[in-house]
Structures are given as structure tokens and as C-alpha cells.
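Structures for review follow.
Two complexes, one shared chain (chain A), two partners (chain B, chain C).
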Partner chain A sequence: MTPLLEVRGIDKSFGPVQVLHDVAFSAHAGEVTALVGDNGAGKSTLVKCVGGIYPIDSGEIVFDGRPVQVHGPRDAGELGIEIVYQDLALCDNLDIVQNMFLGRERRRGLVLDEASMEELAEKTLSSLSVRTVKSIRQQVSSLSGGQRQTVAIAKAVLWNSKVVILDEPTAALGVAQTAQVLELVRRLADKGLAVVLISHNMNDVFAVSDQIAALYLGRMAAQVRTADVTHAQVVELITSGRSGDLGIVS
Partner chain B sequence: MNKVKELPGEAIATAAQAPSIGHSVRAYAERVRGGDMGALPAVLGLVVLCTVFAIARPSFLSPINFANLFTQGAAVTVIAMGLVFVLLLGEIDLSAGFASGVCAAVLAVTLTSLGLPWYVCVLAAVATGAVIGVVLGSLVAKVGIPSFVVTLAAFLAFQGLVLVLVDEGKNISIRDEVIVAIAGRNLPPWLGWGLYAACVAIYAAVQLVRARRRAGRGLVADPLSLIAVRVGSLAVIAGLAVYVLNLERSRNPLITSLTGVPIVVPVILALLVLWTFVLRRTAFGRHIYAVGGNAEAARRAGIAVDRIKVSAFVICSAMAAVGGVIAASRASSVDPNTGGSSVLLYAVGAAVIGGTSLFGGKGRVVDAILGGAVVAVIENGMALMGYGSSVKYLVTGCVLLLAAGVDALARKRAASAGLR
Partner chain C sequence: MRAGPSQEDIRRHNLGALLRHVHLGGPISRAELTSRMGLNRSTIMALTSDLTAAGLVREELPRETGRAGRPSLVVRPESSRVYVFAFDVSPDRLAVARVGLGGLILDRREVARERGSPALGELAGVLAGFARQMRRRTRDDTVCVGAAAAVPGGVRKADGVVAFGPNLGVEEAVPFGEELGRRLGLGLPVSVGNDANLAALAEHSRGVGAAVKDLIYLHGDVGIGGGIITGGHLLGGHDGYGGEVGHIVVNPGGRACGCGSHGCLEAEVGERALLEAAGRFRSGQHGRDAVRAVVEAADRGDIVAQEALKRVGDWLGLGIANLVNIFNPEMVIFGGMLREVYLGSAAQVRSRLTLHAMAPQRERLRLRTSSLADDATLVGAAELAFAHVLADPLEVLARAGS
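Right after this comes the complex of A and B.
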């Protein structure tokens, strides 16, 4: 099975500092691929290259079997790649529907088509089995961290996206809310999306992911199936770049 | 994980459980407790002030004084309506007062020196306002100078500009009948009632159509009882106002009869409807709230933040121009003080007292009208009580501070209630 999103041989430098060295990475439809690595390993840079925020120096991005050029966030959006950033990019003073359609409002002539937006938002939320919000007309400021994260993810799903990249979605959440968001992450994959989950938390990674890709100092140490590795092996990959016969051959 | 089972009350409200009127009242009470007080302080303030002044000076309630309130407060209210747009972005326009002065001077010069027809002159004044807005907005959005500094500089510069336009301090009197009529004449009583009936009918129709359309699509709609209460209270309050304004208020009715709704009232109503529509029903309005709430989120959503900022300043300065025209109409003249002294602070005060947040992202156009009413009542009542400017300034300053304090405390409260 060909991966939905694949990057090969990505190099990326900021001035004299090379952040990514010949990175290969793939994400399959219907799977959660965890992207792990220590601080500064290049996780966020890799994601931003895929999302079109940083141009890549060399290498290629293959989407659905064909090589593509991603020159900006808009290109990524058109391909169906949505990134949910760590800082959630929601407006506190708007309600859930307004946030989900922000910048892409539906209108009839000059007037906003509130009813159809509300319907679609409700449909999206219920398709994700989100039942934790009182009303979708409630202001985002009144939501808990987990609910906000849910809204941000639902916003990414609303646009028939095929790849959803989540940057540390559970970093600021409590136990119950983390579970809630992880369940949602799993459901996204079960719906057939390719989900990329950036995380520091090994428990989260083992709870939901099908594959784990470990970055070490800008190189891809290994991409393995979650079932084939242990906690300790992944930690080793993150901290030293290798573990037994896995990892970077020095 | 099983939060859903534990908290059945958190399920998405469906059309089946359509909210009752009690539900709406509870939701409102909850919002107020949570720190989102909206127009409540302004309405309460208005009631308290009116009661105090009515007891201290019965003439406060006389029809002539009631009509005066509208014409006195009109210019400040209109400027405040424009300021709401800038405040919604979390910016400020300190030059709005003198911008209105500059535009009024443009009106006066084109009317008297150039002898152009009134509509051309009004258009020239509003266009001047728009140009001022483009300049201020560009300096804030594109160059990145804080709006406080840009508009403080403009505040000084515009004082000079007014002096240049009115030839170093001369007083230009305006005799054009249409311009003078805006703040000086009244609608015939029958037209006042006709307008009242039309407004109430249209308001009721809009509310009913929206509720039916939403109910038809299976969405949560306002219950009929709530709509009835809203339309009913509008009908009663507006009806009382029209009735009082249609009473004879001339000291000597045999010589000149003075009745009817001042023409500024429908002018302000039209502006209120226009800008409320823009803010609430168009994508542009939605984007203004978004930029005020979280500019970075708006940028990532593909909204042209700079363009939104510039347009807000354009709307603000253009509305200041309209305010200037009304001020010129009321005074029948333009001098270097038009739009000066306390006009700007009253306008900012009006917007904030009405419930517009100085922190951006929260506010409505109708806030400016409620706040404008509070400011007008203070000014008018103080004058009736015989207090001089000193006390008036002191009291208005304190009220502005109080309103800003309420705003800041409400925000704090919302934060501690987990609402922000």
C-alpha cells in the first residue's frame, strides 16, 4: 500500500545550521503516525516544510503517489493537508461555528449563511462523535482546553482534508481531556484520514499510533510499526538515535 | 473517557429541546455572572441617572428637554458608533473628535466659499473622513506605529488643520436649510408615527423570519415568547419616545409650534441598522471580530488583517465626518472648537460605557447609542442642576473611568470563571 503522504530526502537549513538531513517520512491513510523526537530534533520544521510554511532545500514531497510542490499554506490546504498548531489559532470571542468557518464563511450574496454553516459544523462534530460541548453557538472562551483542541481538530476536518497533522495536541491538557482528544485522534484515522501526531508523551504515542517515526538531530532514526517496538526502544531512538539494530548506522 | 455518560447535560442541544424563555433568561444571567455584562451597566446607569435628575429637577422630564437630549447627544453618539469599529480591533482613535472638526470645516468651506449644493458638501466631508481613515489606518497597519501614537499625533495636527480651513479662528456660519434641518428640525408627527410603525413591523418580521427559517432547518431557534418580549419592549419604549416627542414643546405654541421627532433620530437609526448589519451579518464584520479577538488566528485563517484594520479606521473617520456634519448642523456654524474639547473623550466614553471593550473583540454598534445616551443625560442633567463645566467634566471623567473599570473587572472575572 502506497502511503498517502511521503517525503524523501528532505534537507533544510536555516543559514549555516542544517536542521533536516535527508529525512524520509511517510503517513498512511487510516493510520496514526506518531512523529517523536527530542526538543530541536526537527519535528516542527519537518511539519512546517510539509505545510508549506518553510520551503525545502532539496528532496521531494509525494502526495497520493504523485510528486507535488508545496509553496505555501494555501497549496497544502488545496491538497488536503491541514495542520493543527500547538497554539490553537482560535478566536476566543467567537463561537464554535464562527471559528470553524473563519476565513471561509459561507454566504448567500452579501449575507452570511449562518444556518448552513451551523448545520455543517454540527454534522462534522457529530461525525467525530463529539458530544462534550453544550451548544455549538457557545463562545470558545467558555470551553475547556480539551474542548478547544476538539474544535481546532474539527475545524481541520471540516474541509475534507486527507492528512491532518497535530502539533502536540495534548501538551497542555489534563488526564481526562487528553484521553478525550486521543480518542478523537483515533477516530480521525478510523475515518480514513492520515493522521500525523507530534508528541513528547510516550503513553500517548503508544495509546493511539500505528507507526512511530523518531527524529534524532535532524535525521530520521527509524520509522517502525508501533507493535514491533517497546517503550524503551523508542526512548533510546529519541535520545541516542539508535537502539539495537534499529536507527542510524554510525 | 466516559465523560459523555457522566455528564448528560453536556450533550449538544438539539432542536427537540428548543429553549424556553426561562432558558434564555437563565443563559443571560449566567453570562452576566461570568463577567459578560454587555449593555447592562449602561441601561442601569441610564435608569439611575434619569431617576436622580427627574427627582432633583422635574424639568428634566419635560418634552423640550427630552428632545434636546437627542440633538445634544447626536454628534458624540455618531462618532462613538464609528469608534466601536476601531475599539473592536483593540486599537484606539484619539483623533476622531478633531477629524470630525476637519470634516465639518470642509463642509462649511465648500458650502459657503464654494457655494456647492449641500449633498456635494456632505459627500466631500465624508470623503475627507475616509481619506483621513486610510492615512491613519495605513500608518497603524502597514507601518506598524501604535494607533495610540498615530492618532495622538493626528489629534494635534488636525487642530492645526481646522485652524487653516476656517482661516485662523473665524466662525463660519452655515445657512443651508437642509444641513441646518438635520439637527434643527423635526419630522411631522404623522411621519414619526409612520416611521415607528415601520420600524417595529420590520424588526418583528426580521426576527420571525429568522426563527422560522432556523426552525425549518432543525436548528435551535428563538422561542416565539422571547421574540414577543423583544418586539413588545421595543414597541413600548419607542412608542413612548415618539409620543413624548410629538407633544407640543414650544413655550408659545401660538407663534411657533414645535413638535415631532428630531430628524437626527432617523439618521442615527439608519446608521445603526447599516453598521449592525455589516458587523453581524457580513463576512467583513465577522473578520473584524476575529482580528480583535486573535489577530494571529485571523491571519492563519487567511484573513487580510491589514486590510481589515485600515477599513476599520476608514469607517471610524467617515463616521466622525458624519458626526461633524451633525455638530455643524446643530451649531449652525463651524469654528476651531468644532469636534474639540471634550467631544472625543465623550465619544470614547459613550462606546465604553455602552459595553464595548477597550481590549478589543467585544462590542456592538448599539452600545455607542446606549453609552451616548448616558453621556447626553449626564451633560444635560448637570446643566439643569446648575453645575458648571468643572463639575460636568469631573463627573464625566469619573463615569468614563468607572466604565473602563467595569470592563477590566469583567474581563478579570471572565478569566477567573474560566471563560477566557
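Right after this comes the complex of A and C.
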């Protein structure tokens, strides 16, 4: 099966510092691919390159089998790539529907088409089996951490996206909310999306992922199937870049 | 030579099959039924009008199809009219629900229960009392077509007697269904099933395993129960006690188990094992909240809690690896308190699977948490109660109405 999203040979430098070295990475439809690595390994940079925030120095991005150019977040959005950042970028003073359509509001003539936006927001949340939100006209400031994460994820799914990238979605959540978010992450993939999960929590990674890609000092140490590795091997890949016959050959 | 099925048999079978589609899939158009059941339109029409006349379904015009042509009538279950009683006995709670055809929970009562008390026989009185209260609040045109109970113990296939239940305080066989049926006084037999078996069926028919034919459901409460579904059928065994995955031995000479053996999966992974390893086994602290507190503490960096989860995750993974090697399931589902335990120890569980499950079996295995959550056993009991309605809809309704 060809991956839905594939990057090959990505290099990226900030001034004199090379952050990504010849990085390859792929994400398949219907699967959760966990992206792991220590702080500074290049996870966020890689994701921002895919999302069009940073231009890449060299390498190629292949989407659904064809090479594409991503020059900005709008290009990524048009391909169907959505990123949910750690800080969520939700507006506290707006309600759930307004947040989900922020910057991409539907219009009917000169006015906003509130009814159809509300309907679509409702439909998206229920298709994700989200039952924790009481009213979609609730202000985001009144939501819990887990509910905010849910809204941010639903916002990413709303646009018929094909690849959803989640940056540490369970950081700073309690156990009950973490469970809900993890189950939501799994449902996204089971619905056929390609999900990329950045996480430091190995239990979260093993609980929902199908593949694990480990970055080490800007290089891709290995991308492996979760069913074929142990916790200890993944930790080794993260901390030393290799484990047995897996990893970077020096 | 055995005679082929009579026309009457075929009709009964088709009525049941159609009702099952509506019951599990929700409102569905006649046209859709025609294509799903592979019967012709006039047969579907005859079947639906029989079921409509019996008051099991009703037909309505769809709201809006957005397509040209005369819209096909939509067949809906009579959820508010035809119902069953579902009972769930677990170590920490008693639940009773009135569940309408189509799986809709119409009314429910729940009370916390002290562990081990009262005895199973006396519980029947409490449960029947709740059911009678609910029944008094129903309209006159409603009809109760069945009742079933989920219990955390071994249920004998032949007569529905609860034969054992170490976590229930059952020492001798209890004819629980008979007792409950007598106290209910509805003239209906009460079916009884093992809670984890029923939860497995619930996840298989309405939950995360809906499209999956081969699955293993693991239910964590005080102990560990299980339900194994292979080829779409629940594995019951010769006497109906099959699927007791909590009692596979993972650690010979390990912790003592309530069943009398040592090192059972239940003894190493159950609630008490986790709480003891976390240094939290004190009187008064048990149940889901205590388990959740351990996972929460581990998440916040409590080293003792982390070690406890690792230990439990190791044994859990080992147990599942054995099951996966034998049954080659497509999905393993974690329910009850195992949902939290799995999410909090997945690294250990899956590492064990990688080490001990054979590669072809684990390659496409999917590990999921229960989507019916705490209602899985109750929903399973309701499905058991509906089972004979779906087997012979008109006969059951005629009997219930008389």
C-alpha cells in the first residue's frame, strides 16, 4: 500500500544550524503513526515543514503518490493536511461553531450562514462520537482541557482532511480526558484518516499507534511497526538513535 | 431423512432477520432492506406489514432524501412500545434498565452495592423491586417481551443456574433466573448470562467490534472476565463456562486467586493486585475510582504507581499473547477497569505481545477500548433478553400480549 503522505530526504537548516538531516517519513491512511523523539530532535520542525510553515531546503513531499509543493499552510490545507498545535489556537471569547469555522466562515450573500455552519459542526462532532460537549454554542473559555482538545481535533476534521497531525494532544490532561482524546485519535484513523501523533508518553504511543517513527538529533533513526517492537527498543532509538539492528548505522 | 424447512419456518426466520436489521441498525428504508436481505420487494413488504400489524415496527415517510422519485418507506423499531428488562449485577453496583426495541435505554435505576452483600438470592428481590417501579410508570399500550440478567459468575448452559462466582460470594449453585422471574411476576422467564460474555456480545453487536467476526473482550472488575467470539459466535464450551480468560495461569506459583489456584491472570492483573502493588490496598478503597487514582498518580510521576502499572501490564500482555496465539482474533477489546489499565500500561502490554505473540497473529491485531464503556454488560443483558424475540417475533409478542 502506498502511503498517503511521504517525505523523502528532507534537509532543513536555520542559519548555521542544520535541524533535519535527510529525513524520510510516511503516514498511511487508516493508521496512527507516532512521531517520537527527545526535545530538540526535530519533531516540530518536521511537522511544520509538512504543514507549509517552514520551507524545506531540499527533499520532496509526496502526497497520495504524487510529488507536491507546499509553500504555505493554505497549500497544506488544500491537500487535506491539518495540524493541531499544542497551544490549540482556539479563541476563548468565541463559541465552538465560531472557532471551528474561524477564518473560513460560510456566507450566504453578505451575511454568515450560521445555520449551515452549526449543522456541519454538529454533524462532525457526532460523527466522532463526541458526547462530552453540552452545547456547540458554548464559549470555548468554559470548556475543560479535554473538551478544548476535542474541539481543536474536530476543527481539523471538518475540512474533509485526509491527514491530521496532532502535537502532544494529551499533554496536561487528566486521566479520564486523556482516555477520551486517545479514543478519539484512534477513531479518526479507524474512519480512514492518516493520523500523525507526536507524543512523549510511551503508553499513549503504544496504546493507539500502528507505526512508530523515532527521530534522533535531526535524523530518522527508524520507522517501525508498533507490533514489532518493544518499549525498551523504542526508548533506545530515542536516546541513542539505534537499537540492535534497528536505527542509524554510524 | 430430515424434511426441509417448511414455509412457516422460512417466514419465521425472515421475520426475525428483518427485525434484527431494524433492531441493530436502526431506522432503515424498505429499499435498503431489500438489498441487504437479498429478498424481493413484495416479500419485504409482506414481512414489514406483518411486523407492523404486530406492533413491533412502524413505517414512515423519510424526512428528506434529496433524490428524485418516490421515497421508500422507512422502517423504524417501536422502541417506546416494545421493551425488555435488563439487569446487571456487579460487585460494586446494581443496575436495572428498561430497554426499548432498537437498543434504546428508556429508563434506568442504579445503586451502589456493598461488596459481597446481600447474597445473590436476596438481590433478586431488590432488582425486581426496581423493575416493578419502572413498570408502573409505563403507558398501558407498552409490552414487556423479555428479561435477562448479567452476573459475574459461571452460568450453566443447561438451566441458567449460577454455578460459581468467587467475586460474588456464591458458594453453591443459585437458580438466580428462576428466582428473579418469580419475583418479577410477569410470567416471563429471565435469562441469565456471564457478564463478560454478554459484554462481548454487546461490543460485537453495537460497539467497537460491530463489523468484527473474531474478537476477544476482556472485562476488568474485581476480577477479570472474558468473552471470546469466533466466526461471529460466542464460545460457550460444553457447559457454558467457556471464556474464563481470567483464570489462565500466567505466573505458576504466583499470587493466590479466588478460584483456589495460584498465578491466574485475574490474581496478577485484577483490582487487588494493582492496588496492592501500588501500596493502596486499604479497606474502603476499591472499585473504579481507586484504579483510576493509580493511573492518575502514575501519570503525574508517582514511581510506585508507575511500577505497579508496569507489573500489571506485563502480566496482562503475557495473558493476551497466549490468547492471540490460540484464537488469532482480529480485535482485542478492553472493558471495565481494564480500559484505564490498558491505556496506562500499553507500552508494557504491547511489548509483551511483540515478544510472545507469533508474528502472523499479531500483525493485523487491533487493540481497542470498549465503546459502550460502563454500559457494556447492561446492553449485553438487553440483547440476551431480545434474543428470543428476534428468533420468533410474532410468537413471543402473542405470548407477551396475552
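Criterion: the second predicted complex is superposed on the first by the 250 of 250 C-alpha atoms of A that agree within 3 Å, B and C clash if a C-alpha of one lies under 4 Å from a C-alpha of the other, contacts with A are read in each partner's own complex, and residues count from 1 in each chain.
Quick note on the criterion: a residue touches a chain if its C-beta (ideal position, glycine included) is under 8 Å from a C-beta of that chain, and two chains touch if they have at least 3 such contacts.
Since this is a predicted model, take the numbers as computed values, not measurements.
For the composite obtained by overlaying on chain A, chain B and chain C can both be accommodated side by side without a clash. Taking Cα centres throughout, chain A sits at the apex of an angle toward chain B and chain C that amounts to 100 degrees, reported as a multiple of 10.
When the shared chain is aligned, chain B comes close enough to touch A:R74, but chain C does not. Shared-chain residue A:L90: touches chain B; no touch with chain C. In the superposition on chain A, A:G103 makes contact with chain B only, while chain C stays out of contact range. When the two complexes are overlaid on their common chain A, residue A:G174 makes contact with chain C while staying clear of chain B. In the superposition on chain A, contact of A:K134 is made with chain B only, not with chain C. Looking at the shared chain after the overlay, A:S199 reaches neither chain B nor chain C.
In the superposition on chain A, A:E183 makes contact with both chain B and chain C. In the superposition on chain A, A:L112 contacts chain B only, with no contact to chain C. In the superposition on chain A, contact of A:A227 is made with chain C only, not with chain B. Of the two partners, chain B and chain C, it is B that touches more residues of chain A. Following the chain A superposition, chain B and chain C show a smallest Cα-Cα distance of 5 angstrom. When both complexes are aligned on chain A by C-alpha atoms, chain A residues 176, 179, 183 touch chain B in the first and chain C in the second.
Those residues of chain A that touch chain B in the shared complex are 73-74, 85, 87-94, 98, 102-105, 107, 110-112, 115, 118-119, 122, 125-126, 131-137, 139, 141-142, 144, 176, 179-180, 183.
The touching residues of chain C, counted against chain A in their complex, run 292, 295-296, 299, 339-340, 342-351, 353-355, 359, 362-363, 365, 367-369, 371.
Considering their complex, residues 1, 3-4, 7, 9-13, 34, 213-214, 217-220, 281-283, 286-287, 289-290, 292-294, 296-298, 300-303, 361-362, 414, 418-420 of chain B touch chain A. Those residues of chain A whose C-beta lies close enough to touch chain C in the complex are 129, 174-176, 178-179, 182-183, 186, 202-208, 225-232.
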